[in-house]
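There are two complexes below, and they share chain A, which is joined by chain B in the first and by chain C in the second.
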Partner chain A sequence: MVRYIINRLIALLITLFIIISIAFCVVRLMPGSVYEMGGDLSQTVIDALNAKYHFNEPIIKQYGYYLENIFFHWDWGNSAKIRPNVPVFEILRDRIPITLEINLISLFGAIPIGMVAGILAAIKKNTIVDHIISFMVVVFISIPSFIFATCLQYFFGFKTGSFPIIYDVSATGTARYASMVLPILALAFDPIARVARYLRAELAETMNSEFMLLAKTKGLTYAQSTVRHGLRNSMVPLANIIIPMFANVLGGSLVVETIFSIPGMGGLMVDSINSSDHMLTVAILVFYSLISLITILIVDLSYGIIDPRVRMGGKK
Partner chain B sequence: MRKKRLFAAAIAAVMSVSMLAGCGQKDATGENLVFEDATSSAGANQTGSADNETASDPNGEKPTDEGYGILREANTSTIGSLNPHTYINSYSSEQIKRASVALYTYFPNEDYTFCDLSGELAAEDPIQVDEEGKVWQIKLRDGVTWENGDALNADDVIYTWKMILDPKLANLRASNFAKDVIEIENAMAYFEGSCAWEDVGLKKIDDLTVEIHTVSKQSAQEIMTHLAHPANVMVNEEYYEKYMNADRTETMYGTSADKWISAGPFTVESWTNDAEIKFKKNPNYIFKDKIWLAGIDVKVVEDAGTQMQLFENGETDYISLSTDNYVKYQEDPRLLTAPYNSVSHITINTANPDQPILANEKFRQALFYATDRDSIASLTYQEPADYIVPTTHIIDLENGIYFRDTEEGKANEYENNGYDPEKAKQLFEEALEETGIEKVSLTMIYNDTGVQVTTSEFLQQNWPKVLGEDKFELKLQSMPSSQRGDQMRNWASDPTCYEISWGGWDSTDLMPWNAFKYWTSYYSAKNEPFISEEFDKIFDDANSGADRFDEGVRLKEVAEMERLLVDDAIIIPVTQNTYKYLKSDRLQLTMKNWANRVGYGWDYAKIVE
Partner chain C sequence: MTLYEDNKELYDSIPAEKFKRVERDEAIHDAKFQTKPICFLKDVWLRFTKNKASVCAAIVILIIAVLAIFGPGMNRFKYDEQYPDRVNMPPKIPAIANLNLGIFDGGYVLKNRQYDSISDTTKYPNDCIINVTNPQVVNGVRMVDVEVDYYKYLGISDDECYWFGSDYLGRDIWTRLWRGARMSLIIAVVSVACNVVIGLLYGSIAGYYGGTVDMILMRITEILNAFPRIVIVTLFVMVAGTGMFSIIMALIIKDWVPTARMIRSQFYRFKGSEYVLAARTLGVRDMALIFRHILPNSMGPIITSSMIAVPTAIFAESFLAYIGLGLQAPETSIGVMLSQGQKVLLHYPTQVVFPAIVISLLMISFNLFGNGLRDAFDPTLRGAE
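Let's turn to the complex of A and B:
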């Protein structure tokens, strides 16, 4: 297992290096110069800035400087437009916590609710309870989160005043969490529905399997057989969807964050591309790639932990 | 069965409540608004907003050091930096001005009807030292301090100037200082590293006097206008140096609240990047008696719908209206309008080899006359414009004369706002004959949001009707604004990069002659291929010519530059936009009308609870 993890880590680093290289080249080869922005800049200033940041040199040389700065100085460059002169990782550092906080609360709230709904729907299959849950699942999955966000904001923020209309960055304590309720709710509907739908299908199938019949014939009650055997077996495939959800958490939600004025990661990538803030764009791409690679690694490793057959399957 | 009925009834009840809750607009008290008939036109609104006196203002006759009330704003833009040497967008520059002191600035005049360009840190107007008008001394006020109480004197001014031109820092805004309205002797040479600081035409005479040497003869107003630019506000040496990197190529000055110090009307109380900035009245500010507010809270709210809800909920004090929202509120008595500082025009890539007809003057003129500006203006709630110099531009600041009100300005305007379908058709036929082209198919690139969508779609339908649907076709291609800008600026290296598109420069409204720089052959961000020695010469004469101060010379030069661009249809002016605001009742403006540079003077307003 240790060798397997080391192999995967080496592969991860090689993949990340390739991604950095591709991201840098693609972003730097995009049309439009960083400093030709239609303002009152003289050509002398544009030339000076291009020389300062080596933008006037061949792309391969720029790439050399970029790698040199990363490996020898751990310097990923500064933002040129979004927040001039600020190191790009400082910008990410400022933006990630609020995105993480809102999305993680939303996700951790959604998972148990989704599981309860899924279990209820499965054990009450084809009853009114199942129909209601299935209907809500369809609604939550088919309606995008920004529609929920807009409705929640309008009804519970604007019309009734139950919660703040936007996220309040300067609030503390309860007031701060109150301003997070609506975006958390807007983001929670989708994972609730996904977990509920998946678990319902898995559990319903498991409940009809032969080992469940065997468990009951051995004298287990309905509840015992469901919890000890049905639920446990249904949880294994559920891990496949829950772990990747964490990768999305860091990405934030562009529209929900915009609607509630949350200064998170949501719109940062789009903003940096639109404003030709190349170093920031590359940093964001690398960051997301790293998160995705780590998630894939965790998923792969977790298969082996959750279900030893996966780990052992490759052995001769 | 009974359960199902109960469930259906519950669902129906929830839906009914939701639908009822969604009906109608409400005000801050929760009551539905009943809009009264508009008692004034948009123009009258400009003069009617501050008529109420301030009897209820707890500050009394004069502002206190602490001020009273917080002005609450929401804006779609973010503040990238408060460093005046590196800021990117104009919104950042507005915030920089709030918390900075400049040598000269624009205040409301005494009766709050117009702007007054006068000394802020400077004690008086610049003093001409030599006969040629190339050496100017500026006396500084004594006793001006930073927010921490440290004195602000000539050393700070010289340090600020040295840093903005520093060759290693290569600041983005260096050219705004070195050469714009005035050109400072050797400033650009120092920036390029080709001369020493001692050779630059910026000198300290004593602790309260600095001197500027310019390349050409200047007027005092030009010196003041130049130094009033937001890029030229003072920076604090201690903080600027403290956050400088080891090799002195970058400083983090002004990137967060703790890396910033103010000497302006407000201090920065707190700042969460990309979310919120809170200003507090600076009790040490030189002109603290002009500021009634205790502070300003600025929130970044990108979504227009959310902004509207915040305003209607009483959480912001004014809001800039989109066209869609303007339609809903155009009869609202809280409405304020103001003319926009630029004219929206069609830019033509006359050098595009795939569309040789664009180089044909008659064809371009045909497009000019085929443009129904009145219809476009009524569709988009703007003003029709067959001119380039906006109505806001002043040709004579001293006497407050607007260019468009002069005979020369009026002579450049056309009948029926330049819409003449018959003439357009005739010119179009002649252009086809001259070029031997049978059918023209053009592609217009435009922004995927805002009024450009409406206007472009209108032209797509209207131009073929005027010019002949069998002979003219307009295709539309939408893209984000920044991408469109990049594509247009690429015309020199790739002449086929676009055919026609949109333009609209925000320009210096007190110096219309300077605004024409965008069409000179040497403008760095030029996005169309118009190159004319004649135009360049007139521009140079108007901006630095020896006789430009003679009466009427500049006026004629501005009119001539406009005529050269419009008569030959180098660009096709279409509309001049208007700012549209809704203002809350608790916000009482001291300005009696909109005015150049100070606008409605939000920072000088009062809060009346």
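Let's turn to the complex of A and C:
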């Protein structure tokens, strides 16, 4: 097990290194230097800046400097446009918490709601309740989160005024959470639907299995057998779909954050691409890669922990 | 002891004329089939048409596709024609406006106007006022909100109506919407088709040959899978530029992997079966075995999964438009229209409503259609997700 984890960690680091390299080369090889686009700087200043950040040297050497700074000084470079001369790592450190907060709340808030819907649909299978829930599931999975975000913003933010239209940076306490309600809702629809769909299929299958028949034969009531035997067994695989959903929610959050002007990673990525703040873009791409690599790793490891029958790294 | 001897009395009591001789020289054969045999596709079609939701979804997709082809030519506007004096017009369709339903009547609410001036025909020409609401007194002056027919207000004749309104450059949203739907559908369909072809070749080679070839090919897909999709797509579009071709390419780089894996597992399922062994014994070559004997068996899952992949591609395209890497102006797509409309959502919500409805309908329809196809191709999966 330890050996397997070490192997996987090494593979993760190699992948991350390749992504850093590709991202660096791609972003740096794009036409135009960082400091020529501004227009209001004099040529001597541009030359000085280019010399300072080694922009006038060959790309291979720049890459060397970049890696050296990361590995020895934990220096991811400085932002050029969005917050000039602020270290990129510092910007990320300011932005990551709010993004994680919104994503985690919407994900973990979605799980109980999705589970209730899924259980309802499974025990009322082929009734009107099941049909309504199944239809809602298709609608929620199909419609992209940014459409929900737009609708929520217009109806609940603008028309009725129940919640703030955009995220309020200065607010604290309940006002802050009130301004987070709409983006969290917009992001939560998809996980709710996915959990509900998965649990419905899983529970409906478990209900037909032989141990459920045995449980009823030995005298348990319908509720007892469903809760103690059916539900418990359907919960096991649920963990495996919830963790990968995090990467999914994070992707949707990119756009939803822009819509609600949340000062998180999503808005930052859009801004940095649009204003060609290259160092920042590389760091953000690395952040997203790291998150998705870690989720894949956790999923693979959790298979063995949740269900001991799956053996890790074995030959056969 | 025989049966006859046991029941002698019973049998003997049956009159002789009730017995009938079996004629030995008469040929005995099965009755001929009264019905025609049903081929696989006919069977699928029968099962598919029973699923009402999927049939509706197919019809909706068809309608949107037809509108995407013919919609842009249905009125006098071009998708890139700009009218600086007619920006952000509300939608108006004269036929519907005459029904007084309150929609498509070109209505626009002018807020906080003086009550005394609403009878002034120089300010409100051509009796353009539809409705007067929200009377209030501010600093001793009576103020109202006036809903006007914005076309009459500006003196534009009825045959120059923007059916779905116009955007911030005065471009017709109807024309742009269907042009955008066309672009989004082309991007989605072409990228999915390429993914299927690549995945099909790759998966069949890996699945059919197995062993070392399979191991190497699957390692490559695993490495590719380790890269997050958002990052790969974003990087590729940043390098290749924001055109239709580069967006299609970005959606191909990684997305063929699931198809390849699915086809590989299908090959593992079928390549050991007796009919493949029989064909191989008869000397059928590898290529014929792959494409004529094994692949047609996996047609169902391939078609189903590609139908499910179309909405994912449409979503990816609009996602790119939102983060500023969509098609370049004046070209348009549903994503581009959504992200442009988003900026003026609070003042002109109609600019978001139409693209949002079209993209939602498309995504729901393709998902329902894909589910229906899956159930039709493989009824054992019905209800499972």
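Heads up, the rule we're going with is that the second predicted complex is superposed on the first by the 302 of 316 C-alpha atoms of A that agree within 3 Å, B and C clash if a C-alpha of one lies under 4 Å from a C-alpha of the other, contacts with A are read in each partner's own complex, and residues count from 1 in each chain.
We adopt the following convention: a contact is a pair of C-beta atoms (placed from the backbone, for glycine too) under 8 Å apart; a residue touches a chain by one contact, two chains touch by 3 or more.
Bear in mind the structure is a predicted one, so any value in this text is a computation, not a measurement.
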Since both structures carry chain A, what do chain B and chain C do when superposed there: clash or fit? clash
Quick one: is A:M245 in contact with chain B, with chain C, with both, or with neither? Answer first, second, both or neither. neither
Would you check which partner chain A:L285 touches, where first means chain B only, second means chain C only, and both and neither mean what they say? second
Go through the superposed model and pick first if A:T15 touches only chain B, second if only chain C, both, or neither. second
Partner chain in contact with A:M269 - chain B first, chain C second, else both or neither: second
Under the stated touch criterion, which partner chain does A:V299 make contact with: chain B (first), chain C (second), both, or neither? neither
Could you look at A:Q43 and tell me whether it touches chain B, chain C, both or neither (first, second, both, neither)? first
Looking at A:N85 after the superposition, I want to know if it touches chain B, chain C, both of them or none. Which is it: first, second, both, neither? first
Counting only touches as set out at the top, which of chain B and chain C does A:I143 meet: first, second, both, neither? second
So, does A:L100 touch the first partner chain B, the second partner chain C, both, or neither? neither
Clash check vs chain B: of 80-88, 152-160 or 260-268 in chain C, the offending stretch is 80-88
Dual-contact residues of chain A (chain B, chain C) 150, 153-154, 158, 165, 258-259, 274
Chain B contact footprint on chain A (complex, rising order): 31-32, 35-46, 48-49, 51-52, 78-79, 81-86, 91, 94-95, 128, 132, 150, 153-155, 157-161, 165-166, 169-170, 258-263, 267, 274-276
Chain A partner contacts - residues on chain C that touch it in the complex: 223, 226-231, 234-235, 238-239, 311, 315, 318-319, 322-325, 338, 342, 345-346, 349, 352, 356, 359-360, 363-364, 366-368, 371, 383-385
Which bits of chain A are touching chain C when the two form their complex? 11, 15, 19, 22-23, 26-27, 29-30, 138-139, 141-144, 146-147, 150-151, 153-154, 158, 165, 197-198, 200-201, 204-205, 247, 251, 254-255, 258-259, 269-270, 273-274, 281, 285, 288-289, 291-293, 296
If you look only at chain B, which of its residues touch chain A in the complex? 3-4, 7, 18, 21-22, 26, 30, 78, 80-81, 83, 86-88, 167, 170-172, 174-176, 178-180, 188, 191-192, 249-252, 255, 270, 272-276, 278, 299-303, 305-306, 309-310, 312-313, 315, 480-483, 485-487, 489-490, 522, 524-525, 527
